[in-house]
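Here come two complexes built around subunit A, the first alongside subunit B, the second alongside subunit C.
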Partner chain A sequence: MAAGSETLPTPRLATVTVAGMLARAVVIAAVVAVVLGVPFGLGSKVLSDCSLAAIYAVIGISMNILVGYAGQISLGQQAFVGVGALVASNIVHTNTVTATDPFLFALSIAAAVGIGAATALVLGAVALRISGLYLALVTLVFGAVAADVVFTIESLNGHSAGVTAVRPAALAGDGAFYLFCLAAVAVVLYVDWSFTRTKAGRAVNALRESELVAQAFAVDVVRYKLLAFSLSGAIAGLAGGIFAFYTESFSDKTYTYPAGFTLALIFLVMVVIGGLGSRSGVVIASAFFGLLNPILDWFFNTIGRADWYVDHKNYVPGLIGATLLLQTIIMNPGGLGQVVRPIGRWLAGGRFTFHDESESADVGGRHVRA
Partner chain B sequence: MSVLELDGVSIRFGGLQALDHVSLKVDEWEIVGLIGPNGAGKTTLFNCVTGFYKPNRGRVRYRDQDVTNVPPHKKAAMGFGRTFQNVGMVKGATALENLKTAQHAHAGYDALTGIVGTPTVLARERELTAKADAILELLGLEDVRDLRVGGLSYGTLKLLELGCALATDPDILLLDEPSSGMGPDESHELGDRLLALRRELGLTMLLIEHHVPLVTRVCDYVYVLNFGQLLAEGAPEAIRNHPDVVAAYLGGEAPEALEEAAE
Partner chain C sequence: MDVLALDAQSSLVAPLFGGVFQGAAYGLLGLGLVLVYKSNRIFNFAQGEFATVGGLVAFWFASGATVFGLNLPNVPYLVALILGVLASVGVALATERVVIRPMFDRPRVVLVVGTVGVALLLIALEGLAYPATANLESISDVLGISPRLGTVDGVAILYEDIIKLIALAVLAVGSFLFFRYTATGTAILAVSQDATAARVVGISVERISMITWGFAGLLGGVAGVVLSLPGSSLFPGVFTGTALTTAFAAAVLGGMTSLPGAFVGGLGMGLIEAFANADVKYIPGLDTLHGSGEVTVAVFLLLVLLVRPRGLLGKAA
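Moving on to the complex of A and B:
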């Protein structure tokens, strides 16, 4: 499966015409309009749905670091999200429904990040010696055990009745909360981008392809695998913390069987459909899966089959996920990333072409005579 | 003081004694050849030197320091640059990215600072790119800078891999069959290149090579390995006509046969 950091050829903005600049500005404005204008235009319900899409995007990025960059298949990501939500909600929980103090809110989000990283580090340490199928199995078991052990501790999960996590006053509105979620996506995107273009990202990319080569390049494979795990866990924990405030409660049922297992599968499916290693593809695919339920509600309402959908709600989203997964694997192994990459190259100032110039063979070069 | 010294290195894989009490040394500024038939243990010896394998017995010393049990990534950071028999590079990354990855130990910032992205990091990244570009220029590989390594021809790959080994800023280069996949002209050019690298960068090299004219031209000293044991050692010319060596390669043919093969 095509993976690796997205490499854009050297930008040639200097050669772009005024019309070209305008066209690019229009496209960027359209994206901004869809991300900001549409949800705000459609009101509270849609804003709330889009917040969930943004949280999914954060989770998608966290999955992409572990699975796409480091090549470590994770079926336990929901556990990192869950501990983040658990810790955040317990920090801010009070018996009265009052808005959370902003400082406490910040503390709870930071704690969610920390616990996510720590949990992932533990799983990473266990997973160091295994790869492939066995790693997938261990992460799956890890998620299940975390669900059965951690999330069912009565004193932490509000005796199975849930732990409230009321938003701070400033984020109480759906619009403000959506902007907060978007800001989180922006920060995480920056971290991810920064990671891939510096030594840590290069090291992780090398060790995914070959641990021998990585070592020959002086990369400490153990250290960088653990770094990938903890960075991924930190971001998943962040998503969990935000999710607790999104629902304004923590419920163990979200992360225990069967809902937790479904989440684990969705998280993996969405990064594969987005394209392993492709930042933009993964964000788009994850946001889509975050929005899938509201989209389906809307669709079946519009065609007047809402009753039918209510009866079949349990498997329709899964069926769509499975169909898209098959389509990706059979027809489009690079995922959505492969589809949007020409657009990315064009926006960066290159020509619009489906042909990736970095894939060219070096025929005709003067050094090629063999 | 030798740059590299192996003292009675032995390693066993199950019933196979892959290396049996091998001792050799590489002095400063020397280019030493390691030859021997397939399966003689040449690459195994490289793996023992670079830390990928731990010898069962014997010591590996680097500038009088015992490095037998130093793990490979630390060896690479100490100055062991190596290439692999079947090309060790990140296939999905471009030539430039590979050269920057190879400078990992000399990035000059730690991983977390890199993720935060301070101005120091940006400045260092530019320097890493500049060094990568300089290596590309040195090897005449500017054309492939932004191409994915997976799509390059074998000869280009071997040359670029040498570039990656150089990018690790080595003190001693261990090259595993650098001329494989190259024609006679290219391998002659490679010989010039290796000699130039020694002259300009002051490198010490240990190379596994089958191409006799290249070995004769660049090597100061040659060790011959057969079935995990040192069969012979000496100056290239002497080795070339050594009856045991010829026998090992050609199964007891007359020395003339090797001469012919060498032409």
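Moving on to the complex of A and C:
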């Protein structure tokens, strides 16, 4: 707290006036009202849609760790989500439709996290030898093959009819399940936040900038690359486990071609639009893509073009995603993160300014390794 | 185990021919991938869609389809095919102008993400224009001839298969000669090695970039049209979904910078996939496994990348 020191920032909160505190409190209250109040106010259908948005947010955070922090481009993230869903649904599956025992539910979610991490670890081992553009190719092939081979094993996917995964009684309602999803987002955000503030997080960041330089500073490249992969896979597996209970069934068609391929692209699109490395930007962008289908349903119903939309349903989200992606990388490389960063700084007690000398803006303020 | 006692002839002929003809498709797409990699050092994830656009536009004009609510005129078959190729060239030129050129100095990964975006955009536009499955009339129907050139050991050889192979060979040799012997081809290589130095000696980097992508569009368009000739089903994203990853594997196997390598790699990948799919029937217990061809291709790609990253015909980096 040395006031005269140049290296230490002056304590920020000291400069915030009472009016400033009030203004920040109002903004935070408004955000909480939108996240909690609006879905609960609009009823069951919207609550269910928002649960999906929360699951997408978890997937976005997992992508952000791999692509944003570690600089390892992944086009196979849907495989981690898929194995999580597959394992979770198979653990709780029974032939009768009864609510799952809470203990079994917890076990299945934990197993989804574990299998996601294990699967990602395999891909991480490959990434130790193959990097850059070739890794993008390998992850793409990995995702496609994992989907078409593992998810089509008939004894695991319920002979193509799907594996039911009934929610436990406490989470049967859409409201309760939405709160559960929000809690998952909060936990994952906390894990992510802690990760970036530890030695491991800084080591992974260093890997992205330059593996050689990181190694020269005694960063264990193998260890931290594998750590980034397994953490990302664990979170993606968690999202998959929750997703199985969201739909209350596992269907291989969600992850095999063509739906799985579209998912892989959408996951990349949402993390780029959110701004690589920007936690808040990625969460907002992911939630947007999670909500895109219901929003489009509502929009086309409102303007009375529902019949046209039904015929072209599969392509409208792709058009929006692709347009936003190209717009972002060409004109606004920092993504949403660059837009929300001043707001975040202001909420944390800083001054509201668009200037930020400390961070460069390339792709989401991050240099992705080529 | 007596399935193994089946006469070796008939069990080998089908995958051999099937593999070569399917491999020609991978080779055709692989050529375009290699071309862009040679000049821009990026993987073009939109190459599959350059092909799909060619096939779909040819179908739209050949059948006088209604696209975006617009009734297209019904044009002669050959003209429709040419329009398809031109559409691919146009799309590729637009990609270069809007996505590639503004980001010339950015990291390669960003450009690759850009091509992923273009692929996604093209799939969406194709779907919005014509959401149904399209079937271009097969060329043998148009000419009023039997599609079969003949049969070898009970395996039908189609005219379209031979056209595929010839197109692949001509394009591979033609592109190879273009890079080796023309001033423009050499200029493309010069720009890929050092854009600034190329500019200093008077090469227009912008013009070269335009030519490269136009050429990539041409290769993609020809691939799309030739692959659609047997009257197979076309739908939005068809070649990205069914052939792009294997085409990448073919290009990597061939060395990523070698045009003849893409030709050899394409045929090699086609054969590997076909034999893997065929052989699995004879291994007890694996007959219910799906996608054995795909897995073999994926494992092969990994092995090539791990053991010999420069491929079969590529130069050491």
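In this section, the second predicted complex is superposed on the first by the 346 of 370 C-alpha atoms of A that agree within 3 Å, B and C clash if a C-alpha of one lies under 4 Å from a C-alpha of the other, contacts with A are read in each partner's own complex, and residues count from 1 in each chain.
Assume contacts are C-beta pairs under 8 Å (C-beta built on N, C-alpha and C of every residue); 3 or more make two chains touch, one makes a residue touch a chain.
Fair warning: this is a prediction, and the values are worked out from it, not measured in the lab.
K.L.:
Could you look at A:203 and tell me whether it touches subunit B, subunit C, both or neither (first, second, both, neither)?
P.N.:
In the superposed model, A:203 contacts subunit B only, not subunit C.
K.L.:
Is A:302 in contact with subunit B, with subunit C, with both, or with neither (first, second, both, neither)?
P.N.:
neither
K.L.:
Is A:96 contacted by the first partner subunit B, the second partner subunit C, both or neither?
P.N.:
Neither partner.
K.L.:
Which holds for A:17: it touches subunit B only (first), subunit C only (second), both, or neither?
P.N.:
Touch partners of A:17: none, neither subunit B nor subunit C.
K.L.:
For A:154, select first, second, both or neither according to whether it touches subunit B, subunit C, the two together, or no partner.
P.N.:
Touch partner of A:154: subunit C, not subunit B.
K.L.:
So, A:330: does it touch subunit B (first), subunit C (second), both, or neither?
P.N.:
It touches subunit C, and subunit B stays clear.
K.L.:
Which parts of subunit A are touched by subunit B and by subunit C alike?
P.N.:
Looking at subunit A, the two contact sets intersect at 362-363, 367-370.
K.L.:
Under the definition above, what is the set of subunit B residues touching subunit A in their complex?
P.N.:
50-52, 71-74, 76-77, 82, 84, 88-94, 97, 100-102, 104-105, 107, 109, 111-112, 114-117, 121, 125, 139-141, 143-144, 146-148, 151-156, 159, 164-165, 168, 181-183, 185-186
K.L.:
Enumerate the contact residues on subunit A facing subunit B in the complex.
P.N.:
2-5, 7, 9-10, 190-191, 194-195, 197-203, 205-206, 209-210, 212-221, 224, 227, 231, 357-363, 365-370
K.L.:
Using the touch rule from the top, collect the residues of subunit A that touch subunit C in their complex.
P.N.:
For this pair, the touching residues of subunit A are 73, 75, 126, 129-130, 132-134, 136-138, 140-142, 144-145, 148-149, 152-154, 257-258, 261, 265, 268-269, 272, 311-312, 314-316, 318-319, 321-323, 325-326, 329-330, 333, 362-363, 367-370.
K.L.:
Mind pulling up the subunit C residues that touch subunit A in the complex?
P.N.:
42-43, 98-99, 102-103, 106-110, 112-114, 116-121, 123-128, 131, 236-237, 240-241, 245, 248-249, 252, 288-291, 294-295, 297-298, 301-302, 305-306, 309
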